[in-house]
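Structures for review follow.
Two complexes follow with chain A in common, the first pairing it with chain B and the second with chain C.
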Partner chain A sequence: MTEATPEQSTDTSDPIAYLQSKFGDVVSEDTRDGYSGIVVDPRQLVDVAQTIRDDLGFDLLSSASYVDYLEEGFFEMVYHVYDTRVGGSGLNFKTRTDREEPALPSLVGVWPSADFQEREAWDLMGIPFIGHPNLKRILTWEGFEGHPMRRDWQEPFYEEDAKPFGTRWPGGQVIRGEMTNPYGMNVQYPEGFTLDGWSPEGDDAIYAGLSTPETASGVDIQQIRTDQLVVNMGPQHPSTHGVFRMTVTIDGETVTKLEPVMGYLHRNHEKIGERNTWLMNMPYTDRLDYLASMSNNFAYAISVEQMLGQEVTERAELIRILMAELTRFVSHGWFIGFFLNDLGAFLTPSVYTITERDLILDLFEAVSGSRMMCNYFRFGGVAYDLPEYIGGPAVKPGDKARRLDTYKFLDDLINERMPRVLQELRDYLIDNEILVARCVGVSTISSQDAIAYGVTGPVLRATGIPYDLRRMDPYSLYEEFDFDIPVRYNGDLYDRFVVRVEEMYQSIRICQQVLPRLKETEGQNYWAGKRAYTVRVPKGEHYGHAENPKGELGFYLVSDGGANPYRYHIRSPSFINLTALEEMCKGYKVADVVAILGSLDIVLGEVDR
Partner chain B sequence: MAEDQFTGLNNPDYPIPDELKQNVAITTLDRLYNWSRARSVWPMMFGLACCAIEMIVTAAARYDQSRFGMEVFRPSPRQCDLMIVSGTVTKKMVPQIVRLYNQMPEPRYVLAMGACASGGGPFKEGYNVVDGIDKFVPVDVYVPGCPPTPQALIFGFMTLHEKIEKQSVTTVPWYRRGANEPVPVPVLGPDLIDVRHAPLLRAEAQQAAEQAQLADDSLAYDEPSSLEEASAD
Partner chain C sequence: MYGFGILKGLGVTLRHLVNSYVDDIKWGVSRYETTEAFEARQGPNARGVVTIQYPEEKMAVPERFRFIPFLVINDADHPEAPGDDWCTSCGICAKVCPPQCIWIERTNDPETGRPVPQPKNFYIDIDICMNCGYCAEFCPFDAIKMDHDYELASYDRTTRHVFDKDVLSKPVSYWQEIAPTRAEEERLGREAKEAAKGKKKKRKK
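So, the complex of A and B:
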């Protein structure tokens, strides 16, 4: 893929100098205070992007964020690209367009992973991308009024620009949003809008690209007159893991086209996040990938800490890693259960993995106070130290049997129970005839395609790319621990399954190394820095990311020096992994679609945000 | 047969002969009807967001929902008695939820699980979030929490059972004369449109038009005065 051009300056170690020698004035360095990276003229964006991919070797477009600089009068698209072979801190380049008449060239031709992200930018920010093959709204619906992520767009329950709101308790009496809204609920309409003579846009846009016949396997379908059916799966469907919808064109039972339709759980994390203070966003990150709230906390905490230059104490780091790895175990365990559910085993395997999950959730509840939405991490540490005792939910007064010493509980869990149960699951499942028959060779995707579609996490590692941010762009104390990155090479459903099982072993390995060090650091400080209500983050931008169970979770944060983030963009692995769904499903049977979606292990809270 | 076999059901005001006590139960029709209904409430297999995870956990081994005769999750609304609205209701999703509710046969119950389904929760201010499913469908039980623990959800189920047991076959709405009106399905327009708001929308539009007219009039009124001023100079 990489072809070094001999006549050019071949020193690619300094990307800016290299690009400037090739493109001249088109490329300039971002010199704003607190910013880094390259500013590219939109007219040559595609050429520059191609050079960045081919010559500089940044093959993974990780994140495409959009920022509305209201006062300066432009929209900015920020692209973060990485090299999956060497990892590192990557490169970011940006391009700008006027606020009044926005337009930018599409990068789908260079990195197909830009597909959904550009649609999101069009939907929420209103930047049209010239050359995008399928530019329509993705999270809201066709016909929605306005582009909500613009700084000057106000939602129906708008109160003030930034929290904490002064207007919440005027005169000691709360005024709720619905009390001031004429409709009594969270809606607003353009001025003069009535239902007379108005008709909804409906789902025409979704079906537009689906029903047109195309040639499949070299035969013109119109000539042989086979029926092409458009089938809707979801949003209320047992296989879609929540409120996800796929519109599938099938020829007989074979999938010819597939379009994911999402946004049924679009909860406006980013808009709410801009109103919140930095710390207030911590509990919202819990609700992104709600099976892995500790990992989400981790990614957000390190992103803000990197902006602050905040140190973290050793004990806090150890607790964080323990929690993140237990979360990975929980999340992959949930995957095993529900992947088997998708393959037809119904709830039985899930019941086994949920039992183990509940034990770990007991620990989470004991340390943070909540089973699922832990809100446990703080900038500089964690909210509480490990408690002395851990109880199950059925604790009666004086019931000593369920009040277990924390370290004994952890010892039992990590050294005894988790390896044993995992081995059991492995013995029953990994060579299971039905699993092998359903999974081997299904939905294979090459490593080049996977990278091009921006796939990260276990799905990428199942194609043979050992891209794991814990090793590739190390954060926290992961460098000090001994663990492997499991890789498989076929990229099919079976490999995705096996990679996750192996990762659970590695998580246990890390936990086993953390535990003695936790005992050593007993009593040390678990929270460095000031315990303030909020923090003031220095002006600038930052993209922080961490390896979540589902893939790379990134936060692109822009601070204007105030108490609230100016921009809070989430690069969620589930959302971007879905870009490859159509490629993975094409040519397979409609029954496989359920399993393929299950193998991506999406969580809708994170897909729709 | 155990003595407590009919506890809760058998409450005779009649003396039962000793030899029949194990075999005969005398009760009211309401009690029998509600006893059987409350112990076989089938929920819909329908998860929206985070709360759905806790709902699944409630059905799993540790909390074991089947103790209440509720383990049968049905994917089809036609076979369900209970809709657990487990998570944030978004504007894009609410037409489907209302449609599912309309498809459920009577007697049907709705349980709003968690803060979001009850009133918007932490996402209430979001532009795509409905502040509570009770704006559209009638809710029987609200379960607080974010998400509610399985224990809280089970308490919600028990509250629902109590509610069912208090109903009377003579007054329940689904045996009354006349068809049961479905809830009008909301429409996605420039924003979510509850079609019941159509007169309100018209009134608002009229008011806005009148205000615009008023603004025009005041401009028209200003003009001659400025002309007068101009001629006075």
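So, the complex of A and C:
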């Protein structure tokens, strides 16, 4: 699959040479130590991007990262593009703009998936994108002062640029953060600012943008006797799975416009990531997609390992794959339950689908020490070997102990219970007429649109594109296992549902192949590296990604050779999948919006970061 | 035929309901009494009701469970140094802590001013602690461990949530009780280290 398709002429096999022959000096190779890819002059960025998409076939703009090179005095946008037909390691191209007067052309016209990512870059880095249709803050609030991802921006409780902080040891006198702030709160306001005089401009802008009368097919909607109504769904709404808001313009019951408003859970994960050391980021990744913390660990671990050139032992790889696939089962099981919840089958299916989750989390707890925030992966392996038994000693009053042999537990779970329960679910859900009536033909999206909007994961595979990184850009030991990539072709809600159910089967298949090999490798080393808390990553950049239950989770990491990452950017699947939300919802009923959002299976910890 | 899906769904619910009774009858009163019954209803082959009647019954947490660190000290009946800290205030836990919630004050010898391997004070802000377990994982002296006590609700956040050395210190027998296997492994590890050290010293002599 990684070979180039025969349609491609030979001259496009070397992208840099091809682009240089077409554009000349505009395009140059990135020659910095540890860096790769192409540097493009911003004045011709759109043309070059067009060529990369059309001639070179890189149709998926996976990630648009932004880096502040403070000393060199420029901002850099780094775009990672992939070819969904052949996969492989893709191409990255960069463009630079001056720190003092930044401005870059927008790529929304070439890849609509740049939409939210450019807004994020504007919000957090302060790079204005000329030609962006809706350039405003996305993650921070409208009154936010400054652009927090700039290297010289400091947070309210700023202590030092990098952890560990000097005040902790040896003269550690405890001080609570809020005591140091004159407001006594975790905020900082610009000088002379009072909350009394402030009105939320951003909200006005949202409503103003939405209430413009639409002229569809020559008919002025104002002439027809219908009213367009702007309705807020969220931030506190049971359908949004967290704090997420959709500002929906409806005509009768039909959605004509929709704007997702997010950032209510924003904590600037990436800034924290830059202050942290490389290892400290591991438990933070748990908090991204908190239903799939093992998979987040996996993606971060392989990204850093690829930079380090660190080998991983076989047993560690097997444990990792087992955990990642069980996580996928858990995450998709959660999806099935709550998707049905969104469709109106209140809570009963959720409870049935998360019973198995409970058992799997019991395993996670015994293995890693925590049910959800596992923090289990290390660079070069995993933190501990599988435990001898699941359960613990009764200590507290009322404690009930159990002692279940780990391999027997896994055997029963993987070979017996999970397939049985999934079959049960399938039997009564897959042809369920309510499900079919609510889902078939709703929110159809074509594969071209899905790719253009940067959609990945099961939602993309429901449109007929077998793009799964476990096969397309294989990592870990996935190449050694036998499994299929389930694909459906209609791209509607029903297909997204079915793809996930089928993926759960494939996850079980992988687990069933892992288990005997785990028994074989019993007692072997589970951590190849030293158990050291300082990791020195060689200078350079790297984009590592893995197939999470929600889609492609990517980490764009830049190291300056120090103990802390210079840049730590996350390409979060939930966030980028939301780019397509408006397209998916347009023309459908308000009640469908709830189901459509449910079908994207977002987790707000990852959307807002 | 319309309505079939509803019937099927209701059938599944009914089966779950009936199953819960079947399992209750099969086990009788012992379902909520014996260890075997507990293992069966909390194991991979569980049928029927899977919930736990918290707080009347609690699931014993596994040995690796982590919830707020504590400092290991000698038991009160230790023959030579009862209640002595294992911590040498080397500061590794404070350096590796991702949210930086550990503050350590090192003891200095009053005469020479040189550091003494013993913490004067040790604070953990448990509001900030994210229970990642790095401190316990990287401590070279097995002196800080993750606790299993997850029932920590309190009425006052501002005064009660910064744990100092008195609150954090727990005897090693407590650690042996909550994590017997790991405590034993660590003891053997320490003994092996000591033995290796002793050999080295002898060789030097």
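Criterion: the second predicted complex is superposed on the first by the 570 of 609 C-alpha atoms of A that agree within 3 Å, B and C clash if a C-alpha of one lies under 4 Å from a C-alpha of the other, contacts with A are read in each partner's own complex, and residues count from 1 in each chain.
To be clear about the criterion, contacts are C-beta pairs under 8 Å (C-beta built on N, C-alpha and C of every residue); 3 or more make two chains touch, one makes a residue touch a chain.
Predicted, not measured: the structure shown is a model, and the values here were computed from it.
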Partner chain(s) touched by A:264 [first = chain B, second = chain C, both, neither]: first
Touched partner set for A:505, first chain B, second chain C, both or neither: neither
Partner chain in contact with A:531 - chain B first, chain C second, else both or neither: second
First, second, both or neither for A:404, with chain B first and chain C second: second
Partner chain in contact with A:433 - chain B first, chain C second, else both or neither: second
Partner chain in contact with A:35 - chain B first, chain C second, else both or neither: neither
Contacts of A:276 with chain B and chain C, given as first, second, both or neither: second
Partner chain in contact with A:355 - chain B first, chain C second, else both or neither: both
Touched partner set for A:140, first chain B, second chain C, both or neither: first
On chain A, positions contacted by chain B and by chain C: 159, 283-284, 355, 358, 373, 393
For the chain A and chain B complex, residues of the former touching the latter: 139-141, 143-145, 148, 155-159, 177-178, 182-196, 198, 200-201, 235-238, 242-243, 263-268, 271-272, 275, 283-284, 287, 290-291, 347, 350-351, 354-355, 357-358, 371-373, 393, 604-605, 608
Touch list for chain A against partner chain C, complex: 159, 163-165, 167-174, 176, 276, 279-284, 345, 348, 352, 355, 358-359, 362, 365-370, 373, 375, 383-384, 387-388, 390-396, 398-404, 409, 412-413, 416-417, 424, 427-428, 431-436, 531, 533
List of chain C residues in touch with chain A within their complex: 2, 4-6, 8-9, 11-13, 16, 35, 38-39, 42-46, 50, 52, 55-66, 89, 91-92, 94-98, 100, 102-106, 115, 121, 123, 125, 130-134, 137-138, 146, 148-149, 158, 162, 177-181
Chain A contact footprint on chain B (complex, rising order): 45-50, 52-54, 56-57, 59-62, 75, 87-88, 90-93, 96, 100, 120, 122-131, 135, 146-147, 149, 151, 187-195, 197-198, 200-202, 204-205, 208-209
